[in-house]
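There are two complexes below, and they share subunit A, which is joined by subunit B in the first and by subunit C in the second.
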Partner chain A sequence: MAEDKGVKQLATPERQAAAAEQTLKYVGRNLPLHDAVAKATGKIQYTGDMNFPGMLQAKILFSPLAHARIKKIDASAALALPGVAAVFSHENTPQTLYNSQVWFAGQEARADERLFHDTVRFVGDRVAAVVATDKKIAAKALGLIKVEYEELPALFDPEEALTENAVEIHPGGSPFFEKEFGCGNPSETFKQAELIVEDRVETPKIHHAAMETHVCIAVPDHSGKITVYTPCQILYSVRLVVAEVLGLPYNKVRILKTPMGGSFGGKQEVTIEPLAAFFAQATGKPVKIEYNRQESIISTRTRTRTIGYVRTAVDQNGKILAREVKTIVDTGAYTSNGAIVSMAMGKKLFRLYRIENQVYRVQAVHTNTPVAGAARGYGSPQIHAITEINLDHVANRLGLDPVEFRLRNLVHPYDEDLSGGPSLGNARIIDCVEEGAKLFRWHERRTQAEAGRSTNGRFRRGVGMACATHSNGYFGAFQDFTTMTLRMLEDGSMILNSGIHELGCGTVTTMKQIIAEVLDINPDRIEAPEGDTETSPYDVGSQASRVTHICGAGALKAARKVKEIFRREASKILGCEPEDVVMRSEIVWSKHKPEEKMTYGEMVRLIQQKNRTEIIATETYQAADNPGSYGANFVEVEVDTLTGLVRVIDLLAVHDVGKAINPGFVKGQIYGGVQMGIGLALSEDLQIDPKSGKAKGDSFARYHLINAPDMPSVEVLLIEKGGDLGPFGAKSIGEIATCPTAPAVVNAVNHALGTNLTTLPLTPERILAALNE
Partner chain B sequence: MKLEFKVNGKTYELDVDPESRLLDVLREELGLTGAKEGCGEGECGACTVIMDGLAVNSCLVLAAQARGKEILTVEGLAENGELDRLQQAFIDNGAIQCGYCTPGMLMSAKALFLRNPHPSETEIRTALAGNLCRCTGYVNIINAVKDAAEGAV
Partner chain C sequence: MMPEFQIACPQNLADAITEASRLQGEVLFVNGGTDLILELRSGQKKADWLIDLSQVPELQSLPTLENGMLKLRSGVTFTRLSTDPLVRKHARCLAHAGEQMGSAQIRNRATLGGNIASASPAGDSLPALAALEAEVTIEGSEGARTLTVAEMLAAKEKTLKARELVTEILIPLAEQGIERRSTFTKIGSRTQVSIARLNLAAVMELEHGVIRKMRLAVGAIGKAPLRLYEFEKEWEGKAVKAESAGKIAGEIAGTLAEFLTKTVDQAIPGRHSQAYKRQAVQALAFDVVAELFPEQGLGQGGGGNGGR
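After this line comes the complex of A and B, so read on.
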């Protein structure tokens, strides 16, 4: 096993003390993913691999126009094609309005989406659908549908959306959401500031690019129940939207989480499930919808395009006195999570640096472009790009080293959130930056890069860094809890019944490791199936970086309860006190009679026979904290001034994760997050054409993901100091992993070139243009 | 069109549409769903299989082009229930997350080994250039291929 490749663990006194106090058997170990063998052999069945008897296939007709009213749809030729079961459009589908991101009943959100509209609002909006016996027929039938449009003026630029007389995409126009919050007195402070540095930073619409495109299957049954098989992130969100659109009681909609071929927020919102469910209900047959790559890129969700105006006031010592951040968040043609992501990004501003006077203003707008929504980091990559690029600019103007400048301002453990959010908990960003700078040889490499510049004409080296923070669940914002049922069976094996979702990050194995640690049982003897809304207890879902911190704490609580019940029942059998019952490696005995040992399974059988009960516990864990997860990236780049191409040479990612339940999984998240972050910095962009509204980057040929040769070597350093309420002190990693990367890369490029590039991605064209200035 | 070819050591004779893609034949006719469609245009490598010893994007190969060929898919990698050392190395190195790119990655790496059993890291990266992964940043995938090449597994 590649135990600790690329990772150095800090042997701090605190760590050593913690280790001495408690030796962990399963937590902290690199167990493999529970379904790794099935994935390595091609045996695992993803949704696209599944078929049901009599299953039909649906294909969607997408709008070629950015904004138009549908005058007429003639589906007669399509319907006449043998094999076509039905054609759907706004004329024969429910006109219920919904919002694709609501995840709990009663959640307030602007509902402006329908299965099909009579007005299309972006290139890629849904016009109609064909349901047929196979995909080929469905595709052929799509070409036979005649649609007459009346074109409407369209709007693609988020700043134009805020001008007077801008095109109104929904009643009331833009901004459809506005908010301001902050702390202290920034406007007064700005008046007295010695130095104010301003920037406009822009981040692009990006595609999540899960290798599995969007897919789901809906199956009707004789009782009117619809079962949906979907690789989703929030089962209960899918149930909510499907039930509302179909007008069914919640218990007549069953959602099953299928193996996930990648999501990154892209499958968090409810996009194709209500369509498939409705088609299944209407045709009485199972229906599969499987998008191709282009359809997934333009017609599901993207990251919000975000424009940030940031002003930072500092004194000569490099103390940040005040900051003002204004963002314009472009959520595309429908509202989706526009308001929530707008708020989420603003909150991060108050959790990374000690800034006593700060204000955040946001305006969320609609444009005739693909719909934005949840995307790994939920606004964090955007806001950190905006502020961390600006901070390097500030440091530059002050003539201060960027690391030194940040260290003077970063938050300390247990600082409060000055905007009123939950306490930051054991925030260890200073450790990240100090330890990271040492390991990366920051000062040396920065100086080297600067010295090399005069001798090195065409290629220029730059060294940059950036910091970031992210959340651990919803505590402080929305209700956050999880319920889990844990049982021990008659052979000593166990089943965890919960609403968890495996996204490929290792959630299932993580839960097993936590339970195994408490009960001293081999993790392979625990089953932890993914959620099923008909049988699993409620869970908030795989979102908000909550799973390890909250669900993990839920698994810990359930395991402790099972242990308590087991010892209580076993004590009756063994004729001792519960605290005298010893459980070790699946063997149980009374400490008074160590010679009388039996397996956990044998004991469960005796408990059933003699005590007439079973070993089962249902526990609800209510989130009670929301500490910050922190990360810093250090990176060196080489820019080719002739071509404008940037090569990332190597990168160090330092993360404050509290405790790594499975360090291999934690590192896996970081490596993937870095890949995504480099893409955001350098190459990924949907590139909406400002005239037609078409996405130029609508295929992998024109949308550039970082591939294996482009990927730098990545070193990881984990800071594990616990201190918060997660299981064994664990904090989140999945989203924070990608947050510091893009600004670190941009800062390194600006260092290499002496530029102040602030529009992402830094394409060769943009770099060459800056060099020619 | 009649298609006679060998897949994972077994000879098949099928009646297929000459226009159909090798990927569809494998997935739909033979039920070998290991190869995935991630893009359908030769850009992601999720559909990679080995044809006569070379890695190909099966989404770009027409059934007619597979006539008389020998195809190896991820399902044929393990022999007699024993995992190929690449598969074991992927599992041990944490090279698999969502797993959607995995079959394609394995087949590209296998094809590399067939022509170059001891590749350098640069050669590994180049061999995997056409296989996209969104989960792993390739780090553990490259480590796994290196391990398998060195016989560490």
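After this line comes the complex of A and C, so read on.
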């Protein structure tokens, strides 16, 4: 290691920062996912692969009816089957009501779920469960359970839920949640507006489609403690709900995050864990629950179906004067996060455009359909579909180019949130749109597409775009903080102890890169195990796009503290001042004695021997900002006017991420987000039958994801201007990545066809119907 | 979940037939398993015994030409159909169906025999076989018989009985001096790995610039593919002179499109999918005709899903 001795320069803070930027060693690099090799080689143990001695398997009996009272359950034949350990139903399970999405103790939420109710409220609701020595016996026993139902009238249409004599699914009926908030004086402004453009936009129920279906294992022990192995997003949420349902103290419930085979919000809420935990408690044996695809599709969580009514008032110059957005949020048969997602949607309205007069009204309703919940973007894809499709409609009516129209209205860096939310921070959406339009050759392509259309051929091209914003944690809404313990061991390797969850986004490696940067250590020498409620400090969980921004800042803080402690202790050994301790590439020395070098590990050993202490820090980082992450998608499509099939030809995703800690991960998130967004725009839909309430799209044969042959080439442009409190300026990408895509695709299709299609997904049927109008 | 069953692995055709009649209980054949395994898992089908045909050499050998026929064995995979030079030459529409069916993984396992036996309304080989006027050999303990695909599909339950095997598929070749052109195309919900919502196969035979034969079959609007007899007759005997080929091709496409719409209207009146299919089916007409007259460059503008 050569030291840059001769260089002596008084550094200003700016110069230092600039120098640091240039010399970043680990941050900004494309390191691979820490477990990529294990996953690719099949060596990783997913929960489905795990077995425990004496483990039982549970299978759930799901309701074939959309709404019915269970009159009688006869499980005698099932119980008589050899190998069946127990049959559970509403008759012999806790009556505790809970809400599946609460993530902190004391959180208010409407609790209307139960392990098993005596009334089923959707096709796919839980009726009973068999716990048996193996899955086959459990499945066979399910077929032997006789259930008598008394059918009740059912309700599938969210707007019908708001009518007077609507079926009451829960006491009090719908809406079960209503809210209105806003800024300025929209109603007065509307009266004077020159142009008002209204739309009704609808987004469907979709399935998250993680490769790994829902699975967990609960293991009881001699002391009454239950340990749950689960690929979850929020350990402490699982602990909370399981402890509540089982009536156990929190320290008798241990939750371990297992390797994640994909979630996208689908495993954010607590769905099967309390069941497995209760079955384990009741039988005294480990119990595994593993859903198949159909079960994961219909009986876990979906994206909310959302109907939006939007009115936008503009002046001749294309300035948005006022906007009114009303949504009807269909959360399905149980409340889940219905209220919070309703609010989350509304908040985004005030963070993308400078709209001085705006009001948001939401009504959340129950229907006899699969339960909605967290889904990548947490309402953002829905609300951006609603408003961004409308904005293209407005631009069209004004005769203004959609990019130009947006540029006249987009927020600027450090604007305030006019509805009173946290400051937008270094909001770089204008950069996204300007640079994106250039790189995509927006104007040229728009013109070309329009010129081609005059020939009136079968295939029509369209070019569209859309913008979106998303959050960086809970600051401003709920408490948001993280605690982490970082240690350096006697060989110089390190352990980060924290409640992180790797969802496949690269959280573990990201934390390592941040720590590595501060301490100048090879990231491979850092272990960052995922959360375990018994040993990890508290964390709010992998939700709200908070992990890189908040947990990353926590790791940065802990690393800085460890560095400070290390230098303080090392200075005693080296006989110098802490500032004189140089740490570089895992070698430490005093700048006064550069010839006396030792490894970090040797130093830790000396610190133990001579100073009788260890290098460890526990730090709590409290979120203090919540800037917006921003993104814009530019899309070109080709529509076959005979078949109504849409081909997305090319897509550019531009994202303001502050700083990409690992650009490869950021791009990975964007590619996947685009794939989900195109699916939302064009093909994904549970397709609830309006008569039976059955999901037609309950298997991948009938639920169409965008697959590789239909993926366009996706180009990514990152805007990295830092400026907020995330580590090295980093902001979120995982959720925002999917938010602009669906409206951009829809806008491109509408551009191609001269239509105003607003009901998603734009199936071939809907496209042909619109063309025939 | 996979239920329990026993499996027999006969090593030749005679044993397969004997096993099929000897074994007790519910006996089913399995070849690629791409339909059957799913049906067993979901409980749609039950079996005490599966007879694995994948090791029966008589069913797996490669396509050959015999007595004016292209002879395919039922174990031929869709991958093989799409690449085999004989199939591509004499039964191109079947090769196109092979290309557009399922995914690479499915095509590597799925067999023609399985596709015929499953006889799904959307089965991709079926319109191609119908348009090629293929014959199917069925063998069982009571001997062998040969049916046309159309006969077989017309009353599936009666024709392919339990424990009977599809062994061979015979496709008549074009006569000497006659040029056969054929193609297949489909519309699914996406470009690949998609069950057909509509599919269409066409065979056209030309002799000195005259259409000698026109055979078309459209699938996924009924239990079995529908042959377009009236339309076929209308065009047989028409001349396709090089100078006017473009015009004729255009006319064929136009009338075919209309004819197909009418066919859909008659096949599925009042069905929810009628509104969509009656219009979308026209795309198949244009794609197929573009492929039948490649020199006319009619496939401009993307060519839809048309036979790549």
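Note that in this section the second predicted complex is superposed on the first by the 750 of 773 C-alpha atoms of A that agree within 3 Å, B and C clash if a C-alpha of one lies under 4 Å from a C-alpha of the other, contacts with A are read in each partner's own complex, and residues count from 1 in each chain.
Simple rule for what comes next: a contact is a pair of C-beta atoms (placed from the backbone, for glycine too) under 8 Å apart; a residue touches a chain by one contact, two chains touch by 3 or more.
Since we're looking at a predicted model, the values are computed, not measured.
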- Check whether A:210 is in contact with subunit B, with subunit C, with both or with neither, and answer first, second, both or neither. first
- Look at A:430 in the shared chain and tell me whether it touches subunit B only, subunit C only, both, or neither; answer first, second, both or neither. neither
- Task: Would you check which partner chain A:676 touches, where first means subunit B only, second means subunit C only, and both and neither mean what they say?
- Result: first
- Message: A:644 in the overlay: touching subunit B, subunit C, both, or neither? Say first, second, both or neither.
- Response: second
- Pick one for A:33: touches subunit B only (first), subunit C only (second), both, or neither. first
- See if subunit A has more residues touched by subunit B or by subunit C, and give me that chain. B
- Which of subunit B and subunit C A:701 touches, first, second, both or neither: both
- Is A:711 touching the first partner subunit B, the second partner subunit C, both, or neither of them? first
- Query: On subunit A, what residues does subunit B touch that subunit C touches as well?
  - Reply: 292, 701, 707, 709
- Contact set on subunit B toward subunit A in their complex: 27, 32-41, 43-44, 46, 73-75, 77-78, 83, 87, 90-94, 96-103, 106, 124-126, 128-143, 147
- Message: Using the touch definition from the top, list the residues of subunit A that touch subunit C in their complex.
- Response: 135-136, 139, 292, 457-459, 638, 640, 642-645, 647, 683, 701, 704, 706-707, 709-710, 764-765, 768-769, 772
- Item | subunit C residues within the subunit A interface of the complex | 1, 3-4, 187, 189-195, 275-276, 279-280, 282-283, 286, 300-302, 304-305
- Message: Could you list, by residue number, the parts of subunit A that touch subunit B in their complex?
- Response: 1-2, 5-6, 30, 32-33, 35-46, 48-49, 208-213, 259-264, 292-293, 503-506, 664-665, 667-668, 670-676, 699-701, 705, 707-709, 711, 713-714
